[in-house]
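To keep things simple, chains are lettered A, B, C, D and E as they appear, and every chain counts its residues starting from 1.
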Amino acid sequence: DGHGGPYAPYAGTTLVINVPAHPHYNAMMKVLPQFTEETGIEVEVDQLQYLKMRERQTLELTKDEGDYDLISYVVFSKADYVFADQLENLARFFMNPKLADPAYDAEDLIDGYVANIGIAGGFKGYLPGATGSLFGIPYGSETSVLAYRKDIFEKHGIATPENYDQLLDAACKIPEVEEGMGGMASRAASGHQASHAFLLHLAPLGGRVFDDNWEPIINNEAGVAAANALKTIVDCGPEGSQTFGPSEAAAAFSQGQAAMFMDSIAFAAGFEDPTKSKVAGKVGYALHPEGVRRGSQTGGFGIAIPKNAQNKEAAFLLMQWLTSKKGDLAVAMAGGNPSRFSTYENAELNAKYPYSATFGEALKYADPDWRPIIPTWGKINADIGTTMSQVLTEGLDPQEALDGVAERARAIMDEAGYYTWQ
Amino acid sequence: MQTANVNRLTPYLFLAPAAIVMGVALLYPVGYMIYASFLDWNPSQRIGEAEFVGLRNYTKLLTDEAFRESFFVTLKFASIVVSLEMLLGVGLALLLDRNIRGMSTLRTLFILPMMIAPIVVGLMWRYMYHPTVGIFNRTLKSWGFEPIPWLSDGSWAFASVIIADVWQWTPFIFILSLAALQSLPQSAMEAARIDGANGWQLIWFVKLPLMMPVLIVTLLLRLIDAFKVLEVILVMTNGGPGLSTEILSLRISRTASEFRELGEAAAMSNYLLILLMILTAAMFLYNKAMEARAARLRAAAEADL
Amino acid sequence: MPRITFDQVRKAYGTVEVLPPFDLALNDGEFTVLVGPSGCGKSTTLRMLAGLETLSGGEIYFDDKAISTLEPKERDIAMVFQDYALYPHMNIAKNMSFALRLARVSKSEIEEKVTRVANMLNIGHLLDRKPAELSGGQRQRVAMGRALVRDAGTFLFDEPLSNLDAKLRGKMRTELAEMRDTIDKNMVYVTHDQVEAMTLGERIVVMADGLIQQQGTPEELFKQPVNKFVAGFIGSPTMNFVDGELVDEKGQIWVRGDGFMLPLSAETSSRMKQGATKDVTVGLRPSSFSQDVTTGAPIELKVVVSEYLGAQSVLVTHCGAAEVLVETQSAAPVKSGTIQSFGVNTDEIMVFDKTSGLRL
Amino acid sequence: MPRITFDQVRKAYGTVEVLPPFDLALNDGEFTVLVGPSGCGKSTTLRMLAGLETLSGGEIYFDDKAISTLEPKERDIAMVFQDYALYPHMNIAKNMSFALRLARVSKSEIEEKVTRVANMLNIGHLLDRKPAELSGGQRQRVAMGRALVRDAGTFLFDEPLSNLDAKLRGKMRTELAEMRDTIDKNMVYVTHDQVEAMTLGERIVVMADGLIQQQGTPEELFKQPVNKFVAGFIGSPTMNFVDGELVDEKGQIWVRGDGFMLPLSAETSSRMKQGATKDVTVGLRPSSFSQDVTTGAPIELKVVVSEYLGAQSVLVTHCGAAEVLVETQSAAPVKSGTIQSFGVNTDEIMVFDKTSGLRL
Amino acid sequence: MSAKTYDKQNPAFYALLVALVVMAIGPIFMMLTTSLKLNVDITSDTSSLLFMPTLHNYETVLCDYLWYEAPNVDYCDKTFGRALVNSLIIALISTALTLVIGCMAAYAIVRFRFMGRDTVSLTTLMMRMVPPAVLLVPVFGIWTFQFGLDGTRGGIILVYVAMNLPFVIWILQSFIVQVPIQLEEAARMDGAGPFQVFFLVVLPIIKPGLAAASIFTFRVAWNEFLLANALADRNSRTVPVTIVNSLTEYDIDWGVIMATGMLLAIPPIIFTFVASRQIITGMTAGAVKG
């Protein structure tokens, strides 16, 4: 029915895709009708909370015939899915002239994201390298930026923090000068959230979880510095910070209970929505401050085609359409997070979302090795999370805490066979 | 003899649907789970691909500090909530065991908390415990008190979780105790009054001992459920801060989905199962023995008259 | 052992008055039985005495002391309940000693008393058992023992035998009667079974519908019932009532009814003369009939059913339209369907006012 | 109305044989009562007949047809249960018509039958009520009606009166007796109450411990019991048993025991002579005593308890160490504690072998 | 019954009673009020009991089922309405099936002395002990690879029936033992076959037990989350699952959550009011006689 070209054979197909409940994917929902209109391919969306989505996919991907043609996966699922051989290697599709769009311009994709989310099999197994190949494409990827209250900072003559010293100073100064306001709202809830918050500071302060030989080095000075930084931030943060998940932290910021918020760029749209936020228009955005280096979060989601998908070609077409220049711009305009440099440079977008330029700049420092994406990560992540939570709430000494984490992590790694070749 | 055949088959016919359903959808998975506890199995694998590791999961758990910690938290949680609930529930029942108008409506109101989905209960309390917008801290602040770190401090979080559970499940004990109280033989109570017992003596020497069988069953049911509380804590604290509220069932669920160690999760729940079964079996055997003794002696009594 | 007096005591539940104001005096040391059909208020009376039920009006005196506001334990009473009300969780020894323990009696004294009473009641070997491990009769004895051990001034019994089967009930009744003769206490005994009342009571209080109908010794009640209710209630098989009218024939008063005409004894006649009533109900006890027609006034009855019991037979007969029970000392069954002649002992004929039911 | 024959029927639960093999023939159209103490196997026998219990051996014949493998509904039997077993969720009409409805009898026919039977039993006005809304006696009648409506050849009753109170039981017993005379069906009636057995049974089968002790008419059982068990079981108050020995003095045989020496009647004596036993148990019915000492052999008894019942008294007396019940037709209560003389009707003395219990 | 009298109590007792009631249903009431508030009111610092009640949150939740275009619902998540239908179907069917099957089994166990009551009670307790978190993966695997029931309502119903059966059998047993065996014998004498006896005589008599059991089954089937989350696909998802899935990390909309929670709580609350007497007898029968 008039849909010509590469899409013709698939017109009328219904694709089922599984995506998280996330602002970016809410934006995607708004552009999907456009895809259907252009291609005649119907899309049904199954949206889930992202951790539940991960659980669901874990089960779903073991089936012979899956329900989903295209899935969006959390970045750390890459290791599990690829390791279990549950994702299609995208080479097959990019090699297929009937499917691959020559104008796709893969170079334009933000490389940190592609390395972090899309590629597996290279350096350390989860980073690019000669042996790596592409299993997914970043979509709804995020990095960390610093959101701060321009008005408050101006009022008290505080400069926008450029480095960690300034950041921590500001964080603790604000509660003193502005009554009832915390310095920075941060995630800190036990488990994944606390771990995430810790990692956020670990990379800029020069730390890593493992060295290149898989020996845990999380307990070196940089690690302790990161833990201390997090503790300072939480202690100077708004009331009840110790249990904040991202939503509570963001809410604290958007309700004016904190002067800073350093987390994913995905929250920005919420802060600027006056129906939900009291701080709309008062927020400034800056790069993640520098520690010994710059290294902002790489995270968010990628999209991939499951091995057990039933309409793989059509799914690829959708994937390609969504991540194409046009699709990326469209989703960005609808409030999503672009994955292409060109989109961030787009004038129209910058006009609509003034913070886009800053975000584009921040992306240059996105650190693909921000966290190790290996199958044992889930356990180590949880351990870091609970231990950090103990540091934050029970006054556990950071060095001691991290030594413990390192020791347990080594045991886990050992069991998983990472030291076989040593 | 066709009819005779039908007769002999009848019990099986009545039993068959339940047996089939339970066998297929309950025993089979449970057996599967027990088998799984001997495997190194991650959820991306099919069971056939998992490696058999014997008792490794069990021995590993014994040395796993987090597991031991959470085992301890579980015991602490279960014993505290159950004793609190028993105390409150039985106490309230004793207090409210009066002939007052509207008792049935009251009872209905008291049932409501336990009819609400655990997920919703968790959300509700999480909202109430919210450091700033929650009703508790708001009230405290408006009365000029320091807000309390309900969920952000280990001990407070543990207490908060307990409060929520006590809120939801005290009514259960209350209602069972009240029913038990109201079905106690009235004349035994009157006899005690005539024998000179005052209010407390009546409760202590007559009512409580007489309610004991019901209380024991109630306790058992509550204990088992307390070991299984999951959603409420998951939503409220997700086990935190630290491991302060990470009870075993939460750890099991996290081990399965977050750590992706199905074998270990199965081994953990088998530990829990064994603990509970020992408790239950002990109680059952004791009951049986008492009943048998009573029956024997009564038979003897009837005979010698 | 106080003398117990009910003074204008009444009881109402809400607006329903179950016991209109009544007086009742129980003599010191007497075995009094309250008897009456179910629901007539016997238990309520007893329970007010025990202090388990509040009074709606009036006062109860122990000697001269008003006790209606005292707690049960302050009244010095012991009670045996219909369902025994043993404490199921205590063994027999504990059950019996509960009151003593509450009263902080010394251990040795408790032990001594319990042993004594238990042996007296023949339950000494059961002291370690729980009530559930006893048979009905044994439980009954324990309930009794629990009361006896307390040595209270007044003993109350609320239908203590009604949960036993017929054989055991007979046996326990005899035991109670023996106890009555040996223990010298106030005893108030409630039952709806007139046989129990007759065999146990030194004094019987017959109640119906919350009203005391008559009180007196068993013999008085049997021989001199004040009204039709008492006459019908006491005695087994029950008295036959047949409608009739009084006929005065040459100074001899007769009662005449459908199928019979019986002369009244001189004593009864003399009382009849004063009353102007003509329409009466005649009361004839089944035992007043004799197969020997010569021993009394003759009457012909049609035997409908004959219940042969061995030593005697109970005949269900028709006298006109009315059903009349006749008890005979027959050595052999009587054929039903036949018409038989009997002699009626005219001394035992009672005459009641047809409307008020009062005995004339 | 088949003739029912039990042929070497036995019943065991597991290894416990509750009914050893026995034969029993029930005559066509007769009202047979199975009587015996609790647990002797009466219900089991009845239930095997009904088809509710399987036989462990032997066979039951209806006329010449073996029926032991038939389902209850194929046996043409109706049964009235002890606790009536009315369906609580159906009203009376529905209760009575349940069997007919299952058998797909036409509506009009059901209606007609139910109405007829209900009117006959005087429960026509209750048809719309639920069983819970009826009194005990009414329920009893419904239970009867439910059986009658079926018009079965054989009616079984398992202690249908035992749940009623004494008064009602007497009344229902009379009604049953009338029904027995009007309805001409096989009826088998189980009870443990000898009074019911005596008054209702045309033929009585006395059982004990799973064994049939004796069968016969009520009179036969009362006058000619084959053993001590039957003698003690039949008659109320129960027969007194006192140990004694036979003494032959100049052709007259006496029984001598602790505190008495009684001559035997000629007829009894003649049978005694054949037996060599000397140690015997003497059976004396309470009704065999008379306060008129001249009417029989004299005996002196110490009255322990006197139960005054109005028309008669039952005296509990001691004869040596043995307890002896005496029934007297006294017009006034007898004082307890006194020693009284009685005349014993020697014709009614029974003598039993002390060890086997068989009547001599 | 109108003559029933009540004891008089002193005012302190009533005060205590009121306090208890407030404690018991206060949180529920709070959920209700929160669900009637706008987000701005909910998260604002200044708490007040005076607010403009609004149905906005309910409009958001039920947007799919509104007959009008709700003005302030910018994005309509169509899944809630479908989930509500799923929940109802699943809860009702599984309850009905559990009752029938459970009742038959309980009957067989009580009447035919199959295995002891104790075995059943023990099994019940044991089954109650198995944490669903552990069953999750085996159940998913078996349902998917062996039964092919994954993602269907039937699959979820099957688990719920199996999960609830032991408890239902346990509770119903105590009701069935109370049905006098003579009733059944009477029915047999009246010519009824085993199934007629069961359906025409036993079943109607234990109605209260059935009602009580149904409430417990319904409660579980309606509220269960873990297994439903694993087994349901997007078409068969139930309400608890949708609630959890609407908790994003980016912005917790308390108003909408409380509204959803309220909607989820309403059916059990209604059930409770309708059948509270039965719940109590059921619980006590099960517990006391167990």
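What we mean here is this: a contact is a pair of C-beta atoms (placed from the backbone, for glycine too) under 8 Å apart; a residue touches a chain by one contact, two chains touch by 3 or more.
Fair warning: this is a prediction, and the values are worked out from it, not measured in the lab.
Shared contact partners of chain A and chain E comprise B. The chain pair B-E and the chain pair A-B differ in C-beta contact count, and the higher one is B-E. With centres defined as mean CA coordinates, chain E is found 56 Å away from chain C. Inter-chain spacing, taken between the CA centroids of chain A and chain B, is 39 Å. A separation of 28 Å divides the Cα centre of chain C from that of chain D. Contacts with at least two other chains are made by residues 43, 46, 132 of chain B. Residue positions 71 of chain D are each in touch with at least two other chains. Shared interface positions of chain A, i.e. residues touching 2 or more other chains, are given as 55, 59, 62, 248, 255. Chain E meets chain A in the complex at residues 39-40, 43-45, 75, 77, 79, 137, 140-141, 144-145, 150-151, 229-230, 233-234, 241, 244-252.
Every residue of chain B that touches chain C in the complex is listed here, in rising order: 185, 187-188, 190-197, 201, 205-206, 209-210, 212, 293-294, 297-298, 301-302, 304-305.
Those residues of chain E whose C-beta lies close enough to touch chain B in the complex are 5-7, 9, 13, 16-17, 20-21, 23-25, 27-28, 30-31, 34, 42-45, 47, 100-102, 104-105, 107-109, 111-112, 114, 118, 121-122, 125-139, 141-142, 145, 158-159, 161-163, 165-166, 169, 193-194, 198, 219, 222-223, 225-226, 240, 243-244, 254, 257-258, 261, 264-265, 268-269, 271-273, 276-277, 279-281, 283-284, 287-288, 290.
Residues 51, 54-55, 58-59, 61-62, 80-81, 83-84, 86, 188-192, 194, 238-243, 248, 252, 255, 257, 375, 378-379, 381-383, 386-387, 389-390, 392-394, 396 of chain A are the ones that touch chain B when the two sit in their complex. Looking at the complex, you find that chain B touches chain A at residues 42-46, 66, 130-132, 137, 147, 149-154, 157, 237-244, 246, 254, 257-261.
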